[in-house]
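So that you can tell them apart, the chains are marked A, B, C and D in the order they are listed, and the count of residues begins at 1 in each.
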């Protein structure tokens, strides 16, 4: 049984290779779940890191990993039969609201992982109309191209598919278009991707008085709000988040400005990224 | 809440003084209960000892204490408002059987304490016909003279009330009388009192092929089957007992022969009694 | 529930345990606003340290096991934090550690100048081979480090002790004699180890880790009880305190302030407000006060 | 699940912990019949001792706290027990304690002549001011008592250690060097204290007590892990073992036999049969053996 206590060693049941960089590992086990929650994934002898639950059904779940560093490359190299340790789920997950009519979902790169189950849930439960904007470096980095019923607005940095440019350009345009018909344009905007992108989404939403929710990423140790590794301003990302709404973001000192290194030192976000690249 | 874990400090709500030696202390708290079970009673700074639950209703219970030594004299001196620590209930309790038609209950002295709730239960639940034999040193040592619906056969060592002699004499006589009408005379004989008395009851029952249950007493520490203080032959009195049936008694090496001192040394029962009198 | 501690007025008697929630102003302020009278910063070391690889903190259900490994930016790399903390409206304790008396002195002198209200010496952390614990299990070395640090700091000194000491009361006395103004007890117990039998490997990357939370409360209560008999300086009692009743228990053992760490896991950051309320409710029902019950378990029963 | 231990064939790898269920033949035999390979007797001392007043043993829910206080008839007053045990069909370990090397030697020599299969030295009991623990926290004194006893006994010697030792691996090595044939770890942890806040008094009459059961398992696993790296003699691992998985865990840390004490409280005397079955089921499912998994946590992961 998977719990928040000791990691449970479970078998990777299946693997989807999306591209050389992305793979989804599936585990045939039940786990409690709300879109936006994450698990701690342990590879004995290597490390333990947080990953969003990107696929979920009552008897199976999956995580999608982008091969970046030592751990994620190791994770992506695993296949059916290999064992990983899982504890969780942790975090608050997205607030899906009640009676939303129209929402926007804005995904940048791997940020699609937490948003995908949210989109699916909205699309099955006579939920709101979902306007999905998905961006990536280039075509091969676009996650889950055929996963959703509704089609998405695509954009890539290099123009290899869809609009060449930023997801935020499309969001602004859409808000403008819709504002002509109805106010607010969206009842909620959900976003996940690079923090700079989420900050832009937040700013856009503030200007148009649309509430939004973003999912943050920080270095994590415990996953349950004790060790302080993931603190961002007055928020504990693993416990109060990873999803934060507009109200919280307005007072969150370190949002889009600082993150803590493993040492606990707060540094500007770009320096944090550099450290993560070592 | 009273549990088997840390003692719960509770107020003595009422006190019945039966005689200079006997008193019942009542506590207005719920406790799970089966006739024959006991609690550990703690008086901070004094000691902790096991006492049978002698009175029980859903919101109240009582223990009857005979002032013998340091602890029990202190207990008998307590009154309403005083606090005692209680943990329990412990032990197995009596097996009340199914479909019994006629049972005998044989009480010697303070042995009436565990048997009284048994008798009451039998008398309310369209239970079996109860033949109650109660003995004591003398009249003033007879517990609960007016407690039961059915009247009891009384005997005292000094003849100050009822038959002058032993409870076992009456039991033998009654079995003889009843054997004329039906076999077995009793479906079960329940006994509690001095161990020598219980041994005699057991022998009588064996001769007449009547099953019996007796409730043993040993020095106790933990009350839940770990420390070994109360071991009697291969039985752990606090946990397997304190009530033992004929089958167990047949192979219980130390029944009516030996008991362990506080040091753990096994000694003949009379020596154990002497030690208890120090 | 105001209380005076070594000359400072605290709005509650509750302390945030060092190493819990880190040392950034915004989060410490939030903890203080939620009923913590005295937040303690994560222990600050002599040099930058990343700590151990994950897993570093595991919840065992009735407590945690952790080997975070004393991560620290290093005392020279915290200008930003001190800057932010300089206009704070709440008191803080800076916790420090070192690998030698010299390192302790170096870090302490520097940190003292940054204006924390108290300095706590972590001579008791079990999660690093070179740091900390070695001092706290020996009376002489505890005395030496406290005496040396005391000379170079200008704020009251708290010595934080480990239950791994064979006789914690002796260590506490040595610290008092060396000039410590208060004792904090206890750091994590054990150490312990949990092995995942499927992968046949210790779960923590560092293999061993310190135990905290409810399962160590009896050890913490015993330590505070022992220390109370041997020193006359105040004690910050912590180790598994999660409820008002737990707090009352350790106060009866002799604690003046009560620390909370792991309970943040089980009851959230609002644990401080909850425990404060539970304490004052209990005191009201029993018509008594913190002062009256402090050390009460040392008086004769009944 | 037969296993050879220091030359004796045991029908299972499970040991009854000393002090649990006492030392009378009938009960030890019952434990053995219920799947315990090696019952250990309650520690035998140099003189009659009644132990402490009650409360002496309290269940904290996830373990016990106890200060029974080493009650013993005294080694000279056990003729009856030895008499009965002389025609036993099961193996036993006699546990002994003393207040000095001389007392240990005296008791050991006498007891050895009574024919137990093994003698265990309890140099680790925290529940008495004068006895036992003092040896187990120091390598030199542990060495001295083991070496002295080894000379006067004719059965294999097991040294039982306390987790209160600052470095249990060093103590174990000292015992091995002095001639110990096996190590038993651990005795109770702590000590701890629980205070009843209503009566404001420690619950145990002796005030402090040793901790046992699930809450100390991480400490036991860590101790066995450390000892396994420092000695080559077999280890009896115990401390909080309640299930087959717990047993597998401590075997992976390095234990050869597995002791059970407190779990008798939580799963009854049949805990031995249950744990044996759980162990062999696990071994079967994983297609492995006790020998193969012993110390497995010391090998490199994956």
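Convention: a residue touches a chain if its C-beta (ideal position, glycine included) is under 8 Å from a C-beta of that chain, and two chains touch if they have at least 3 such contacts.
Molecules present, by chain and UniProt name: A, B = Dihydroorotate dehydrogenase electron transfer subunit; C, D = Dihydroorotate dehydrogenase.
Just so it is clear, the structure is predicted and the values come from calculations on it, not from any experiment.
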Original post:
Which chains lie in contact with each of subunit A and subunit D?
Top reply: C
**OP:** Name the chain whose C-alpha centroid is most distant from the C-alpha centroid of subunit C.
**Re:** B
Subject >> Gap in Å, rounded to a whole number, between the CA centres of subunit D and subunit B >> reply: 36
Original post:
Whole-Å distance, subunit A centre to subunit B centre, using C-alpha means?
Top reply: 67
**OP:** Just give me the whole-number Å value for how far the CA centre of subunit B lies from that of subunit C.
**Re:** 51
Original post:
From the C-alpha centre of subunit C to that of subunit D, how far is it in Å?
Top reply: 33
**OP:** Any chance you could list the residues of subunit B touching two or more other chains?
**Re:** 44-45
**OP:** Give me the residues of subunit D that touch two or more other chains.
**Re:** 60, 194, 199, 201, 301-302
Original post:
Tell me, which parts of subunit C touch subunit A in their complex?
Top reply: 19-24, 26-27, 29-30, 42, 48-51, 53-61, 64, 66, 68, 71-74, 77-78, 80-81, 194, 196, 198-199, 201, 203, 205, 261-262, 264-265, 268-269
Subject >> Residue ranges of subunit A in contact with subunit C within the complex >> reply: 4-7, 9, 40, 42, 44-45, 47-49, 83, 85, 87, 221-229, 231, 233-236, 239, 253-254, 260-266
Subject >> Contacting residues of subunit D [partner subunit C, same complex] >> reply: 60, 62-63, 65, 137, 164, 166, 189-195, 197, 199-202, 207-208, 211, 215, 217-219, 221-222, 225, 245, 248-249, 252-253, 282, 293, 296-297, 299, 301-302
